[in-house]
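What follows is a group of structures, each given as structure tokens.
Presented sequentially are two complexes of subunit A, the first with subunit B as partner and the second with subunit C.
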Partner chain A sequence: MLEARLQTGALLKKVLEAIKELITDANFDCSDNGIALQAMDNSHVALVALLLRHDGFEPYRCDRSLALGVNLVSLSKVLRCAGNDDIITLKADDTADVLSLTFENTDNDRISEYELKLMDIDSEHLGIPDTTYEAVVQMSSAEFARICKDLQVLSDSVQIDVTKEGVKFGAKGELGSGAVTLKQNGNVDKEEEATLIELQQNVSLNFSLKYLVNFTKATPLASRVSLSMSSEVPLLVEYKMEAGYIRYYLAPKIGEDN
Partner chain B sequence: MPSSEDLRQAGSTRPARRAATMAALAIRNDAADTTTDDATDTTLKTTRKTKVLDRSEDAFAEIMSNRSKIKITKPQRKPSSTPTTNQPLLDDAIINSDLGGDSIPDMEDLVAEAAKVRISGEHSPDYHRFLTAASCQRIHDGLLAWYDINHRKLPWRRDYHSPVKEEDKVPGQRAYEVWVSEIMCQQTQVGTVIPYFNTWMAKWPTIATLAAADIEEVNKVWTGLGYYSRASRLHTGAQKVLKEFNGVLPSDPVLLEKEVPGVGRYTAGAIVSHAYNVPAELVDGNVIRVLSRLRAIGGDVKSPKVIDLHWRVAKDLLNSDRPGCFNQALMEMGAVVCTPQNPKCGECPVQSSCRAYAEVIDLRRSRKEAIGASKKREFVDDIDQDADEKCELCLPETETEGKEQGLVTQYPRKAIKKAPREEECAVSILERRTTSLETSETKSAFLLVKRPEKGLLAGMWEFPTVEQDQLQASHKISSLSTYKQRSESSCKYLVETLGLDWIKTCTDIQRRDLGSVQHLFSHIRKTYHVEWVLVQGQAADRETKAANSPKSKQGSTVPETEWLSTEKLATAAIPTGINKTFQLLQKFKEANASLTGDKRKGVGAVGTASSDGLGRDRKKVKKEIKKENDGGQATLSLFFTRAK
Partner chain C sequence: MATPNQQRICIGPKVPAHADNPISMLLPCPSSGLPARYVIQDGGLYEMQMVDSEGLRSWFIGDTIQSDGALYLITPYDPVFILIPILDIMRQKTADAEGKFLLLEGIFGSSSDQYPSLRHLADLKNIDKYLALVCDVRVAAMKTYRLDDEKVMGWLKKKVEVFVSKFESIPALVDSIAYTESLPEACRTEAITQSALKMVSANLSDSWATKLSANYQFPELDKMESRTQLPSMSEFGKRSGMDLDDEPKAREVKKPKMSVGQRKLAKASTAGMKPMTSFFAKKS
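Up next, the complex of A and B:
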């Protein structure tokens, strides 16, 4: 039995927007810790790991762990019926084959109820090793979104170079080439916009821009984003929310530059 | 025409002093044994007298002089100073008058001693003490006079301006107030404490009322002060005092410290000296600062020996007439005048006894006037012979800040923690893989080298490692190395130092850069760049024999080496840093293994450290990926293993 009431329904709407283009179907794994989701995209190049911790809901109740297989496109369509300020309640019985959603508006004079059929999904869970990354860049999420969008004009892949001075996003294509460099700064006035770098070692990696642009759909969820990188391991792009996170992993492009 | 000498003299604001100095100079030049000359003494006395007159308008000085009349019977000059001290005194007088300096004559002893310390670079432990009654007396008079005028008026103080109240006469009442105030003032600013203290005293005016109070209530009144254990200790302390000491805090500091919860050496000293006027010394942060400056104590204030010394100096200084006021004066001075940053030396009542200040004066003079310094040097050379005991506590000058600028804030000193230095080295994990003909089982062995018996990780085993200095020397670089340079160095090391000549000619050999790991020693941040060297097939078989009988070269000592199997390696005592490098290899092998498995079957391959995938070259794999995914896009299954 799951019952989770979310005060700001907009959060769930944003989360769905952030993952539905990467993944079509996925299991929401509900436990007493919260609601989690892990899934790879069809080509197994990118992975989404989502966690909505129990303390983000009021109340949150989940006596027994259960996996709710959902078609994300359908779920996002249903969520579009909810107003931005609505309170959303998710409910599911242990044996039921539907997920029920209730939307209440702030004046509490309009209540809508929907039920979404669940699916059986064979999910492949991946064990993600605890990695100490050689470079971790923290920056404005809007800035990251803009860079990915801008560079996509030139190429399908971006080379990210991190040094202690700053982080450089470079793209080369038939059209020409372009690069955006953000210098490491501790701008106190605009803490939200500062670019912070923790570096063990310089890194230089290539990634597909198509995926990165897809990740930036999570921008409305957090003002900051962190990019964690090590040579020849997947990039971790993390958006931290108040009670949870959304993490994207992206396998690098290997051997393109040699 | 008047000579230039006359002109200067006429323009001088202190003709009397000038004349005296001139006279002194003349005397010194003429007579060989000026040291006991009466004339010299008169010179000094005149100088002093003018000084006192200059400051007589000051209210503080007035009190000072009044006190002196009554109390001081001993001569002010330190008896310990030998007759020879007169000479540098003269020098200083001359320098002073030339610079128009305004230093206090009493100070000159200290300045001379400071010069001695500066030049000889060492001093006796006595330098940090107050050994004569006169020197203590000077501090007492200065501080108490200053305190009587300048002390802050605080609700728990009964001093010059806050006469004793009627209820204070109840035994133990003052002690209770002091106790509460001292506990409240721990880790908290005085300004914050005042309202809390007043509320507290209104609520629980006596120790008995506090003992009867409810702990919840106590915590409520304490709310906002923080460190709530202080409140509960006060509460339980009150109960204990009521039960065991009849509600009166003991006047023995040792007993207090032992019996009352939350009362340490400092608080015990404070309670008995403030409330019962028992002469007990106390040392807190303020006192440490004042004493370390007064006596130029340059040891690390965190070290127990130096803390001990401060307690001893505080004991030297104890005032038996007004111990409570004196202790408070010492702390108040530290809080108001002798502040951590920008101390107000101009307002200091005990400036003339301050060694830190004397050192500053000495340093300034020595810079302005080279002659004075050299004169002192001669004098120091004579004197220093009999100083046999030297102070061991003070930190070497190279490790202190503020010394160069000549500031009193160089005291108290803290030991500077050095940042770990960066070092890199090249590690080659040499793996020899042999296949037994009968069982067709593959066995791996790794070459280990014993570290030298001295230095870092002495006598421990490690993979062949080229240290940073060799690395930089052989490539004439001072910056970080590249893989190519490291590879060359490692190869050279294996062949030349370890005598593995066959490496040069071996054909079935693979080398791979595994990246690097970091390990933090207490003083070094070491980066291990790891290279994996794999020898297989015939070469490995053949070399087993050769390697087992290493040729010892004449003259040079070949480090001890040994081949260890994977299992033995797992149990061998290997330093953590080196273990990390081996884990790097394991990780790489795992990644490679799961990669080959996945590529073939597409599912189900679990990345174990099986040796199957090891022989495959990484480059071939890369090509395979390229064929399947356009643009070299790798998939996640190369990196993450299936959980189920």
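Up next, the complex of A and C:
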């Protein structure tokens, strides 16, 4: 059985907002380590991996690993009934066909209980090895979201060039071209906004902007985002949370503008 | 009680030191008719249940490891439940004949090939009393028995009453009707009876269970249910003279279950992009 109590319900709401735009149904794989989810989008060119570690919940109890198959749109609708300050408790029996959610508002003693029907979902898990990337860019998540949105005006794809000086996002389309360059800086005053680059080798890769914009739905979850790149392997876009992460992988576009 | 490689972990009643070895056997399960495991020891009948570990767990026993992690539970079982279906078949009741009276040996002796263990039931302590609870008994030179429907019903109803009277003393049962806490007392009383009826019926074949439940009505609970049932959308439609049934359903099926973000992605060109499975291997 699973019992997980989350002090800040807003976190779960934001997580759902972040993944429901990419995938329809998915299994929440609950184990003693925490709650994990891995799924590919319909076209199988992107993948999202979510982990909510057990220490992010108080208390967290999961005696036996179980997979809760959930329609994410339905779950996010139910979560919209929870206030941002509500304490959310998730519960499911080992053989359960429902996920029960309890929202507690400590201020005015309001408790709401919902049950969401579960479904059987065949899921294939992909083994994602730990890789050392040729370039890792850490930057403000809001800045990344803005760049993706701005460049979308010009083109469907963005070319990301990383050198030790900085990172350049460039787009070329029918109506013209545009580029945003962020210089590597160790801005001590505004740590949140600093752009940090770890580089083994310069990289230049093309990615679908529609997908990147989709990933930036996770922006409210973290003030920082890291982009990890190596040539001809999927880009890793990671938003780290206090106890867990949400990671997006996106296949690079090969044979375009190169 | 067995050689080391046949160890079992079992929870059961205390066995007196001088007791005979238990006889383990397959008998027809009274509700499904399928073979189930029972144990007779010292003239008492016990039901054996296994909590299967599905090969995922093992036991440490002393210095040994036993790979079968199943847990066996042995609990006393009322023989009458087993007897009812057997007697039901043996009496050979037809539409115009009440059926045959049989000797004890006749009931268990001529047992079918499928259940040779039936003969052990004749050795149960007080088996004649158990039979008398649900049978017409004729005493001539020898006692003969024939299942009596009325007696069976009477006995089953008493069984339900016993459950009802013990209900409040068993926390797991009280929890099972926790939903009635906020309901009127009458509802709760009915819920208890209903729950007891379910438990007794779990040990009966479908035909007996149906006959038994015909003796019980739950007007208060039914009322509650009908109160919580909302009229369906199509009823609203009919009332206002529209037929909402056909069109919307057809439309619902067509409706893509994609979120806004997914619809946008569906338009994205994935030219030159390889699928994730070409980068990351599938886990078995």
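Assume the second predicted complex is superposed on the first by the 256 of 258 C-alpha atoms of A that agree within 3 Å, B and C clash if a C-alpha of one lies under 4 Å from a C-alpha of the other, contacts with A are read in each partner's own complex, and residues count from 1 in each chain.
Just so we're on the same page, a residue touches a chain if its C-beta (ideal position, glycine included) is under 8 Å from a C-beta of that chain, and two chains touch if they have at least 3 such contacts.
Please read all numbers here as calculations on a predicted model, not as lab measurements.
Enquirer: Return fit or clash for subunit B versus subunit C, each positioned on subunit A through the superposition.
Expert: They clash.
Enquirer: According to the stated criteria, A:21 is in contact with first (subunit B), second (subunit C), both, or neither; which is it?
Expert: Only subunit C; A:21 stays clear of subunit B.
Enquirer: In the overlaid three-chain picture, which partner chain does A:201 touch, first (subunit B) or second (subunit C), both, or neither?
Expert: First partner only.
Enquirer: For A:231 in the superposed arrangement: first (subunit B), second (subunit C), both or neither?
Expert: A:231 sits against subunit B, while subunit C stays out of touch.
Enquirer: According to the contact criterion defined above, which of subunit B and subunit C contacts more residues of subunit A?
Expert: Higher number of touched subunit A residues: C.
Enquirer: Quick one: is A:127 in contact with subunit B, with subunit C, with both, or with neither? Answer first, second, both or neither.
Expert: In the superposition, A:127 contacts both subunit B and subunit C.
Enquirer: For A:43, select first, second, both or neither according to whether it touches subunit B, subunit C, the two together, or no partner.
Expert: Both partners.
Enquirer: For A:73, decide between first (touching subunit B), second (touching subunit C), both and neither.
Expert: After superposing on A, A:73 lies in contact with subunit C but is clear of subunit B.
Enquirer: Can A:247 be said to touch subunit B (first), subunit C (second), both, or neither?
Expert: So A:247 meets neither subunit B nor subunit C here.
Enquirer: Report for A:91: first if it touches subunit B alone, second if subunit C alone, otherwise both or neither.
Expert: After superposition on chain A, A:91 lies in contact with neither partner.
Enquirer: Considering only the stretches 59-67, 167-175 or 275-283 of subunit C, report the one that runs into subunit B.
Expert: With the two structures superposed, the offending stretch of subunit C is 275-283.
Enquirer: Which subunit A residues contact subunit B in one complex and subunit C in the other?
Expert: 40, 43-47, 124-129, 156, 206, 208, 233-234, 249, 251-256
Enquirer: Mind pulling up the subunit B residues that touch subunit A in the complex?
Expert: Residues 515-516, 518, 622, 625-626, 629, 631-644.
Enquirer: In the complex of these two chains, what residues of subunit A are touching subunit B?
Expert: 40, 43-47, 124-129, 156-157, 200-201, 206, 208, 231, 233-234, 249, 251-256
Enquirer: For the complex, which residues does subunit A have touching subunit C?
Expert: 20-24, 40-47, 71-73, 124-129, 156, 206, 208, 210-211, 213-214, 217, 233-234, 249-256
Enquirer: Given the complex with subunit A, which residues does subunit C contribute to the contact?
Expert: Interface residues on subunit C, with respect to subunit A: 257-262, 264-277, 279-283.
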